[in-house]
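We call the chains A, B and C, going by the order they appear; numbering starts again at 1 in every chain.
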C-alpha cells in the first residue's frame, strides 16, 4: 500500500511537472499580451509529431533538441500572421481565434500523420527501472522530472538574467512604459510567444515518450494547464509552477483511492482555492 | 448634527501612504471643496468616502451610520452619490436611457421585470425633469458617446442626482473643459447647492471654480490635512501658500 | 417598424420550416437542431451580449440538461416532461453554484475559470461508465409521447409533432428572455455591460445581478440541452466538452452578439455549414476552425452587426 501511494505520488509529480511546463508557456503569453492561447495544446501535438518525424534521422536526443525549436518557429509565424491582430481587443476574440486554431491543428495532425495512435521510441537506457524495489522509478520518468526542472530553471534564469527576459518581465507589468523606453514591443511580444510555444513543443516531445502519439494529445492536456494557472494565480509564474505540481500530485493520490475522480479532483481543488483565495495561491490583486 | 464625519482615516498602498489621518466634518447643505497639489491624496480620500475601497485606518460616519467598510451600493442607498474624474456613463445609450436606468434603480425597481403604467409615467416624468434641469433637452435622444465633454459631464451629474442623494461627491467636475463648458457646469453645481440645498463635496483644481462655489475648503498636502476654513481664510493662509508655491518651485 | 417586420419574418420561417425544409434539401430533424442550438446560443448571449460577461463554459449546463433528461427517462420514469424538468433543474442548480464562485472575477480570468469548471461535468460523464455510458454516451432511451390529458402528443413517432413541441418551448423561452431584457432588470444588465463602475455607483449590486443573469442564462442553456438530447434520442459526453462551449460562443458572435436574433442566425449558419461539411469532407473540423478565424478577423460584429453598419453607411 505504501508503495502504491508512493508510486502515485511520484507519478503525480511527473504529471504535475509536465502540466507546469505546459502551463508556464501559456502563462508567459497570457501575462504579456492578455491572450489565452487555446491552441497551446495544438502546438504541443505539433511538437510531438515533428519529433516523431525527425526521430529516424536524428535520434531521440536530436529530436528532443530540434523539435521544440521548429515548433517555436511555427509559433512565431502564427503570432506574426494572426495573433498580433488581436492585441488590445476584447479577450473574446483571442479565445475564439486560438480556439479555431486548435481545431485546425488537431485536424491537421490527423490529416498528415493519421488518426491512429503511434508509439514513440525512447532509448533503452531510459526504460529500465532504477531498482527492483522501486519498480515505478523508470529512467524515463526521472528523466522527465529532471528535464522539466532544468527547463524551468533555464526559464527563470532567462527571465531574471538576460536583457530579453528583463524586458518581458517589465512589459508584463507595464507594456506602455517599456515601449516608451525604446523597446520594440512587436518583437518583444513575438519572441515571448515563441518562447511560450517552445515550452509547449518541449512538453510535446516529453508527452510523446510517455503517452505515445495521437492527434488529440494536445486538447486533452490543455485543461489541466488552465487549472494549474488558476490555482497558482493569474499573472504569477511561480504560482503556475506550484499550481501544476499541486494538481498533478493531487490527481496522483486520488487515483489510489477513487480512480474515477482522477480528473475531477483538480477542479474541486480549483473551486476551493477560488472560494478561499479568489486570486489564486500566488496571484496579485488587480493584475487580471 | 453633521452629515458626513471622517475620523482620522489613512490609506496605504503597499508601503506608500496616500492619505494620513485626515479628519473632516461636513454639515447638511454645505458645499465643501477639497483642494491640494497633485499627489496630495485627494482622489484616494474621495474613494474612501464613496466606498471604492475602505481605509486602512480610521472611521467614516454618514448621518450617524458607520460606513467605514460598507459596500458602495449600500452607501448609495443611504444617500451618497458620486461622479468620476474621467466621466463614467453608459456610452452606447442615449441621455434619456442613461438617466432612466438611474431613476429606475433609485426608485427600487432594479429587480422589477416590468413597470406598471403608473410607475412608468412617474419615471418618465422624473427623467424629463432631470433632462430639463441639466440643460440637456436638445440632446436627450442622442447617444452620449457622441456628445461634448461638457454634456457628458452634465449627464453624469444628473445620473448622480437621479439617486436623490443627501451628499453629492464630485471628483474634478470641470477637468479638461473649456471656459464655456466650465461655466455651465459651475452654474449647474451652484443651482443644485442653492436650490436643492444639497450637500456637496468636490475635488477641484481650478481655483476660480473653488472660490466661486465653496462654503468651506479643506486643503490636503502629501496626504495630510493642512488647513480648513472659509475661502477667505484659506486664501490668506501662509501654510497653504507655502505648500502650493513649494510645489510650483 | 423595421425591427417588427424582421421579427415577423423570423417567426414565419420558424413556424413553416417543416413544410419547406425537405424541398430545399434539408430534413425535419435538421430544423429541430437549428431551433434548439439557436436557443442555446441566445441563452449564452443573454450573458455575453446583454450583460457583457464572457462564459466559455456553457456546454456544461447544456450537457447537464441533456444527461438529466436522458438519465431520468432511462432510470427513473419514462416521461419526457419529468426528464426535461429534472434536466433543467440540474443545469440551473450547477449554474447557480458555479456562478456564485466566480461572480467576483472579470474578463480573461472569468473566461478561463468558466472553461475550466465546464470540464468537471465532462470528466464525470466520461469516467462514470456504469451510469452515463462513458465515452459511448447514454443510449437505450428515447423521447416519450406526452400525455396532455385531453390528447396525446406523439413526439416519439411524428417528426413534425416533435418539431412543434420544440418550437413551442423555444417560443416561450424567447418571449421570457425578451421580456426580461425589456424591463428595468434587463436595463441594469445593459448598464453593467456598458460601464460596470457607473452601474456600481448607481447602487446596483453588480455581483448579484451578474449572478442572476448567469443563472437565467444557464436555465435556458440547460433547457436547450434537454431538447437537444430529445432531438438525438442520445446523449454524448461531447455535449459537455469545451469545444461545444466554444461553438455556442462562435454562433453568438457570428450572428451578432449585440442583436437579439443574431445568435439564432449564427446557429443556423453554423448548423447548416457543419451538416454540409461533415457529409462532404473528412476534414470538416479544419473548415470549422477556419470559420472561427475568419469571423474573428473579418466579421467581429457578426451578420447582424455588419448589416447594420452597412445600412447606416448608405442611408
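Things to note:
The rule is simple: a residue touches a chain if its C-beta (ideal position, glycine included) is under 8 Å from a C-beta of that chain, and two chains touch if they have at least 3 such contacts.
The model shown is predicted, which means the values in this text are computed figures rather than measured ones.
Contact with both chain B and chain C is made by no chain of the assembly. Taking the mean of all protein Cα atoms as the centre, the chain whose own Cα mean lies nearest is C. Using the mean of the Cα atoms as each chain's centre, the chain most removed from chain A is B. Here the spacing of chain B and chain C, counted between their Cα centres, is 43 Å.
Look at where the CA atoms of chain A average out and do the same for chain C: the two points lie 32 Å apart. One finds 49 Å separating the Cα centroids of chain A and chain B. None of the residues of chain C touches two or more other chains. In chain A, no residue touches two or more other chains.
The touching residues of chain B, counted against chain C in their complex, run 50, 71-73, 76-77, 81-82, 84, 88-93, 97, 100-102, 104-106, 109-115, 156, 159-160, 163. Against chain A, in their complex, chain C makes its touches with residues 48, 54, 56, 101-102, 104-109, 111-113, 115-117, 119-120, 123-124, 127-128, 242-243, 246, 249-250, 253, 282-283, 285-286, 288-293, 295-297, 300. Remark: chain C residues 179-180, 182-185, 187-188, 190-191, 194-195, 197-198, 200-206, 209 touch chain B in the complex.
For chain A in complex with chain C, the touching residues are 30, 34, 36, 38, 82, 85-86, 89-93, 95-97, 99-104, 106-108, 111, 219, 223, 226-227, 229-230, 234, 260-264, 267, 270-271, 274-275, 278, 288.
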